[in-house]
Amino acid sequence: MILDPSTRAEVLVEALPYVRRFAGRVVVVKYGGNALAGAAGEGREDAVLVRFAEDVVLMRSVGMLPVVVHGGGPQIGALMGRLGKTPEFHDGLRVTDAETLDIARMVLVGKVNREIVGAINLHGPVAVGCSGEDAGFITAAERDPALGYVGDVASVDPALLRHLLREGLVPVVATIGTDASGQAYNINADTVAGAVAVALGAEKLVFLTDVAGVCSDREDPATVMRRVGAGALEELVASGAVGGGMVPKALACMHAVRSGVAAAHVLDGRVSHVLLLELLTDEGIGTMVVAP
Amino acid sequence: MILDPSTRAEVLVEALPYVRRFAGRVVVVKYGGNALAGAAGEGREDAVLVRFAEDVVLMRSVGMLPVVVHGGGPQIGALMGRLGKTPEFHDGLRVTDAETLDIARMVLVGKVNREIVGAINLHGPVAVGCSGEDAGFITAAERDPALGYVGDVASVDPALLRHLLREGLVPVVATIGTDASGQAYNINADTVAGAVAVALGAEKLVFLTDVAGVCSDREDPATVMRRVGAGALEELVASGAVGGGMVPKALACMHAVRSGVAAAHVLDGRVSHVLLLELLTDEGIGTMVVAP
Amino acid sequence: MILDPSTRAEVLVEALPYVRRFAGRVVVVKYGGNALAGAAGEGREDAVLVRFAEDVVLMRSVGMLPVVVHGGGPQIGALMGRLGKTPEFHDGLRVTDAETLDIARMVLVGKVNREIVGAINLHGPVAVGCSGEDAGFITAAERDPALGYVGDVASVDPALLRHLLREGLVPVVATIGTDASGQAYNINADTVAGAVAVALGAEKLVFLTDVAGVCSDREDPATVMRRVGAGALEELVASGAVGGGMVPKALACMHAVRSGVAAAHVLDGRVSHVLLLELLTDEGIGTMVVAP
Amino acid sequence: MILDPSTRAEVLVEALPYVRRFAGRVVVVKYGGNALAGAAGEGREDAVLVRFAEDVVLMRSVGMLPVVVHGGGPQIGALMGRLGKTPEFHDGLRVTDAETLDIARMVLVGKVNREIVGAINLHGPVAVGCSGEDAGFITAAERDPALGYVGDVASVDPALLRHLLREGLVPVVATIGTDASGQAYNINADTVAGAVAVALGAEKLVFLTDVAGVCSDREDPATVMRRVGAGALEELVASGAVGGGMVPKALACMHAVRSGVAAAHVLDGRVSHVLLLELLTDEGIGTMVVAP
Amino acid sequence: MILDPSTRAEVLVEALPYVRRFAGRVVVVKYGGNALAGAAGEGREDAVLVRFAEDVVLMRSVGMLPVVVHGGGPQIGALMGRLGKTPEFHDGLRVTDAETLDIARMVLVGKVNREIVGAINLHGPVAVGCSGEDAGFITAAERDPALGYVGDVASVDPALLRHLLREGLVPVVATIGTDASGQAYNINADTVAGAVAVALGAEKLVFLTDVAGVCSDREDPATVMRRVGAGALEELVASGAVGGGMVPKALACMHAVRSGVAAAHVLDGRVSHVLLLELLTDEGIGTMVVAP
Amino acid sequence: MILDPSTRAEVLVEALPYVRRFAGRVVVVKYGGNALAGAAGEGREDAVLVRFAEDVVLMRSVGMLPVVVHGGGPQIGALMGRLGKTPEFHDGLRVTDAETLDIARMVLVGKVNREIVGAINLHGPVAVGCSGEDAGFITAAERDPALGYVGDVASVDPALLRHLLREGLVPVVATIGTDASGQAYNINADTVAGAVAVALGAEKLVFLTDVAGVCSDREDPATVMRRVGAGALEELVASGAVGGGMVPKALACMHAVRSGVAAAHVLDGRVSHVLLLELLTDEGIGTMVVAP
C-alpha cells in the first residue's frame, strides 16, 4: 500500500510520545496456550506466533521491557492423551497428581516455553525462558488438597526477572512455582501474569486472547467494553455476566490495577500487531481495565 | 483522517527499527535563517518553526540527540538597515567590519537563537542556546583580510555540546567563533553545521532548505537527485551544475560523509514533519549524500 | 615592588585556609552593566573588565565555583537611541514593549554577555554565556501590566547551572526569563543574582558596584557599613536611609542571607582585585550583609 | 565421629588456601544423567543428587562459581518407550528426528533440569535452569545429516551465564543448541561442558561419573590414572585403550586444558562429597587431566 | 597423619558454612604481650607467634577481616630496667611519667608492633602497623592524675581501620591514644580491643591468653565456663570470683557483646590454630561471652 | 605588619596559579632528624617542627598531597648512649648489628615518627605514621655485609601510600625496609625520600636541611646555586666539590628528576614557612635540581 507522507507523519507524531512514555517500562504480556495448539499444517497459529514475536522484539527495540507469561493447557492435554493418562476432574478443575504435574512441567517448560523463546530469538538472541522454580522466584501455595499439585501464587520475587531485563533480555515465563518444601505446583497462567506485573511494578498487563475483549454480557459479543473500572468489573464477575475463562483474566486485571499497574488490557491476539496498536496509538483496542 | 489499524501498524513496524537505530545518535540539523525572516502577519514562517520545534522535541523524546545550527542573514540585514548601515561587498561577499560583526552577533545570539530556543522550550525546558564563543568551542580563522571579520572553522571542540547532550538538552548553535586572540568572527552556518556534525561523530547531517533537494541541473527543478555520492557531487560543484547558495551546503555534506557521518541530507523544510519522515520511513525524501 | 619572604609568607598563611574553605563552593558575582558602558577610547572600563575576568579565572583555578550575573541598562539605552526609540516611563520605571524587549534581549544576550564571556575566555575556554530562557531555567512573572515585559523571578531551576559548574565551566547569566506561555521578560539583574545564589545554595553573593559599600546615610559616603545584619538593613531601606539603585541590591542581599547564603557583599568594583581581597584576606572590604 | 582439635586444624589449614584460590573462579561440573535414572524406590540416586546439591551450594557459599551441565539419556529413552517410539541407530548413534528432538527437549529442559534445580534450591533460591537456546547462548551445527537433529557446539556466548554468575546464581544447563535458522539440536552433554568451561575461562572442568577415573587400560579398573597430560590421553584414545563413553569426556578434557582451563577431572560421583574433596584437599581424587 | 576422605569431608562440610558466615566480617583479636616476651633461645614464643600469624593470614584469605590489637607490658618493663628506670606504683598500677610514656611508646609502636607485622608479612605484604595516634583514631582520657599518662578510651574513630580493611590489609594496633591537646597516653590493650570491636561493629572479639578460659572460680582451673552471659559474668567480677588480669578482659567482653558484637571469646593462645578451631568448627573452645 | 591591599593582591595573584598547578600532586618532603634533636629547653627546634607541621597542613588544605619522610640519626645515637652501646664504624659508616637495628627501629618508628605525627595532628587528625615494613612497601637490600643491617632501597610499592593519600591523609614515613626473608634494615632517609618520590610520580622532592642550598664549592657558602641540572650536579659530586652529607641528597635529587619528578629542591628548613614560599611564589629559594 502506498501512503502519502502526511498520513505517515500523522501516525508517527501520534506514536512517538507513547514510545517515550513507555521507554524503560515493563509490559507483561500473557500469551495463551491456545494460540500454539492448532493442528499442524494449518499454519495460522504459526503466523500468530510469528507476528507476536515481531511485536515483542519491536517493543524491546524501542526501549520497553516486555515480559511474556504463557500457559499451555491444550498441549498438556495432548501429551497426557498420548501417554494414555485419563484426566480427572474435581469441581470442574483438573486434578493434578504427581505424574500429571511431571507431564505439565515437561510440556510448559520443555515445549511451549521453548517454542516462544525460539520464535523471538529468530530476530536476535534476546529471549530467555524461565520457570517460577528458577531462583525460586514464584512461591506457590496449594489451592485445594483435592486438586493435588494445583497452586496459587503466594509471592513473586522479581529479582531474577529484573536481572534479565537489566541485561536487555526478554524473560519468557512458564508458570510452575514451588513451595517451601521444594514441591512444584502448576499455576494458572493468567494469575501468574497478574502477580508478575504487580511484582515488577509494570506499566501495563496485557492478555492476548482469541476474543475481541471483555463483554458486559458474555452471551453477546456486541457488548465488548472499551474501558471498565475494576469495581464495575468486579460486579460483572459477581453477577456472572463475565464468566468462564474470562474470570481469571478479569481477576488478574483487577488485582493488577489495584496494586499499581497503570492499566490492564484484554486484546484479540488474532489482530495483526495488536500489541503495537494498543501501545502506540490513541485509539483504544479491546478492553482496558483501570482503577478503581 | 481515519486510518485503519493495519495501515497504522504498517507505519509503526516500518518506523520502530529506525527509532532503535537512531537512539543515542546525534543528528545535526541546519535550520536556515530564511524560514524565520518572513514579514510579520503572514504567519507561514511561524508555522514552519512550530512544526520544526515539534519534530526536534519528538526526535529527542525517542532518544535521538538533535543539535540545531542556525544562520540569520536576512535578520542581520534588517537590523543593519534600521541602523542606517550600508552593506559593502567584496567579490560578492559582505564585508564585515567591527560594527557589522557587533550587529550580526546581537541578531544571531540575541534574537534568532532566542526564537528557536523559545519555540522548542514551549514543549518543555530542553533547548539551550549557545554560540561558538561559549567555552571557546568554535575556533575561527580569518577567511580573507578584505572581508573583515568573516571566519572559517579552524576547529570544533565538542565537549560543551556533549555535556549538554548527556544531560538530555538540545543545543541550539549560533555560528560565531573566536580566534586565539579572542577576536570574534561570523561564520557561514552551513559550514559550521558540517564541522559540528563531524566533531560530534553525528549519524546524520540535515539541511532544511526551501527547495526540494539538490538538482543535477540548477536550472531544472525536475532534476532533483534522490541519492548522490560525494565524488559525483564534487564534480557537479566543479562544473557549476550545482551553484549559488547550494555550494556551501554541498561542500559541508561532502566533508561530513567523508569524515564519518553516515549520511547528509538536503530536505525541503516546507514539507510538514519532513525530519520525521526522513528519519523514520523507508522512502527517501529530498537528496541524500553518501560517501564516497 | 620587592616583598620580603616573611611578608609573602604572612599573606599566604592567611589566604590558604580561605582557599580551602571556599573550594567547591559557589560564589555568585553580580557584575554591573555600568562598568562596560564607558565611552570608547577611555579604556578604564576595559581595565576593570580585564581584572574582573582575571579574578574570576583565579577563583575557579583554586576550586571555587564562580557564577557571573550581569545587567546592561546603559547599553540597552544606547541601542534604543540609535534605533530612534523614545523611552517611556511609568512610576519612574521604563515601560518595556515588545520592541524594547527585543532590543534588550539582543543587547544583554548578544552583546554584554558576549563581552564578559570573551574577557574570561582569553584565559582559557571556561566561560559559557546563558540566558534564563535556556533550558527554561528562570521562570518569570509579570511585575505590573503597565510596565509591559518587565518581570520578577518566579523560580530558578539550578540544574543547567549545576551541569555547567560540574564540568568546570563558568556560567555568565543574562537576565531574561520566560513565563509558562513562553513569553520572555527582562528582569532586574540584582534580583536575579540573589535568586540564583539561593537556588544554588551559594556560599557568597557579591555585588560589584561603583561605590565603596552600603552607607547608613545615603547622603554621606563616610557612613559605609563594614557589616550589617539583614534586619538592620531592612530598617534602613524602610526609613529611606538606603535608597535608589542600592535598594534592589539590599533586598537581594537580605533575601539571600535569610535563605541560606552565608554572606552577601557590596564591594567597590573599581578596587583592583577586590574579589580576591574579599575572599582571601581577613580584613573586611566593602559591606558584608549577614543573617539575621 | 569425634575428631581431636589438631586433626580438624590440619584439615582446615590445608583447605583454606584452596578456598582462597578458587574464590571467584568458575568450576564447570558435568553431572551425568545416569545418576538420576535409577529405579524408583531405591533411593540411592536421590542420595547422590542430595549430596551433589549440597556440595554445589557449599562451593558457592565460599565464593566459587559453580556451573552445572547435565545430560539425560536414560530419561529420554524412558519417555520414548512410553510413547511407543522405537529408537533408530546409525553407526551406533541414535537418529534424532523432529519428534525425538521434541521428546529430548521436554525431558532435558522440562524434567532433568528441573530436578537438579529443585535439589539445589532446597538450600536457597540460587539455581536457575537454562538451555542453550536461551539468549541463543549455544550455537549448534549439524553433526551428520544421517543423524538428524544431533548437533555439535559451533560456539558458546558466555554472556548469559556470566550475568547469572555475577548475580550469585548457579546456572544449570540443558544441552540444547540452535543454529542460525532457529533449528534446535540435541548436543552431547560432555561436549557442551567442555565448551562452556572454555567460554567461561573456567578454573576447572569436572566430570562426575560412576567410575573411579580414566583407566590406561579400559579393561582393568586397577589402571586408573591419577594424573595424565592431554597429549598422553590423546594417544590412549587413538589406541583405543580409552574408549566407549569415556571418549567424549576425554576429548572435552583435552580441549579444555588446551584452551586455558587449568585442570579437568574425571571423578567418581558415588564418593560422598567428592567435589569438596577434590577442590579442597591436597590429595588427588580420580583422574586429573592437565596440559599439555 | 593419614585421614580418610569421609573424615576430611566431614570437617569441610562443617567448616564451609562458617567461612561463608564470617566472610566480610571483622574479627578483633587481642594478642597478649606475654606471648612475645619469652627468653631468647627457647623459641616456644616464636612458635606461638608463627602459628598466630598463619591463622590471621588464613582468616583473611577466606574473606574475614582480622584486626590485631596487642599490648607489651613485659617488654616495656625490660627496657625500663635496661635504662635504670625504677617502676613506681600507685594502688598497684604503674605510674607513667613522661619518660615512661616515651619508653612505652617506643616499645609498643617501635618493637612489639613491628614483630607482629613482620611475622604476618612473611606470608605476604598485608599487615600494617598503626597506633591510636595515627589519624587520631583513638581519643584518650586521663584515668587518674596520680597515674600520669595512663589513659582510658574516650572514643574510637573507625575510619582509618576501615580504609585499611577495605584495601585488604590487616591492621595491627598499638594502644597509644591522644587527647585533644595532643598529649599521648598508654591505654590497657584489653580495653582498646573491646572499644575497637564495638567501633567496627565486629562479629567477634577474641582474647588470646595463656589460660584455658574464664573460670567461675579463679582458684580452680576446672571451673572453666564454656559459655556465659554478660550479666552472669558481671556478677562473677563483682563477687571477685573472676579477678586479676581477667578483669579488664571480662569488662571488655561484656561491653562488646552489649554493644552489638555477636560474641566475645577468651581462648588459650597456646593451643595450635585455636583461632581457626574457634571460628570454623561447631565445637566450643575456651569461654564464649554473649549478651545479655 | 600592615599590608596595603594591592600588595596582598599581588601575592595572591602570584600564588593562586601555583595552588592550581600543584593541586592533586604529590610533594615528598624529607624532614631531617637534626631539627628534632636539639637540646631540651632551647625550644628552637620545637618552633621549626611547629611551623613545618603548619606548612604541611596548609599544603594539604589546598589540595596538594604531601608525604613526609624522616630520619633520626641523633636520636638513635642518644638512646644507644643511654643503653651503654658503643658505636662501631666501618669505612666511616656505623655498623648496625641486631641490637642497634632494634634500637634504631624503636627510635625511628616509636619516637621520631610519633613526634612528627603528633605535631601535624594538632591541626586535625590527618597524619598517619608508617614504616617501610607496613604492607611491605619498602623492599630493602643489604648494602655491605660488613655494615650489618644497613640497607639500600630495592623497590618501593606505592600502593599503601596511595591509599592513604586518596583518603586525604598525610603519610609520615620511617625508613625501615625488609628483604624477602622478612629481615629488617635501616635505610638512609634521603635515599628513601628519592625512591618514594619516584614511586609516587611526585611533582616535587624537597629536602629541608640546615644549610641555604647546594654550594658549587662546599667550602664557600656564597656559592649556593639557585638552579642546577642533574648532569652538572653529578660532575660536582664526582669532583668532590659537593660532598659530605650533601652527597646522598644530591644523588636522590638526580635520581628523582631523571625518573620523572619535575624538580627537586634543597631548602633551608630554618627559614620560616620555606615550603610555602618555595611552592607558591615565583622567586627561587634554596637550590632547585632539574633534568637533565
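Residue numbering begins at 1 within each chain, and the chains themselves are lettered A, B, C, D, E and F in the order written.
Following the convention adopted for this analysis, a residue touches a chain if its C-beta (ideal position, glycine included) is under 8 Å from a C-beta of that chain, and two chains touch if they have at least 3 such contacts.
The model shown is predicted, which means the values in this text are computed figures rather than measured ones.
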Q | Touching both subunit B and subunit E (chains) | A | none
Q: Go ahead and note the Å separation of the Cα centroids belonging to subunit A and subunit B.
A: 47
Q | Chain centre separation (subunit B, subunit C; CA means) in Å | A | 35
Q | Where subunit A and subunit C are represented by their mean Cα positions, the distance between them in whole Å | A | 61
Q) Among the residues of subunit F, which are close enough to touch at least two other chains? A) none
Q) Given which chains touch which, is the overall layout a line, a ring, a star, complete, or other? A) ring
(Q) Starting from subunit D and heading to subunit E first, what is the chain order around the ring? (A) D, E, F, C, B, A
Q. Contact residues on subunit B for subunit A in the complex?
A. 1, 3, 5-13, 15-17, 19-20, 23, 54, 58, 61-63, 271-273, 276-277, 280-281, 283, 285
Q: Write out the stretch or stretches of subunit D touching subunit A in their complex.
A: 82-83, 102, 105-111, 113-114, 117-119, 121-122, 124-131, 133-137, 157, 159-160, 163-164, 167, 169, 176, 178, 182, 184
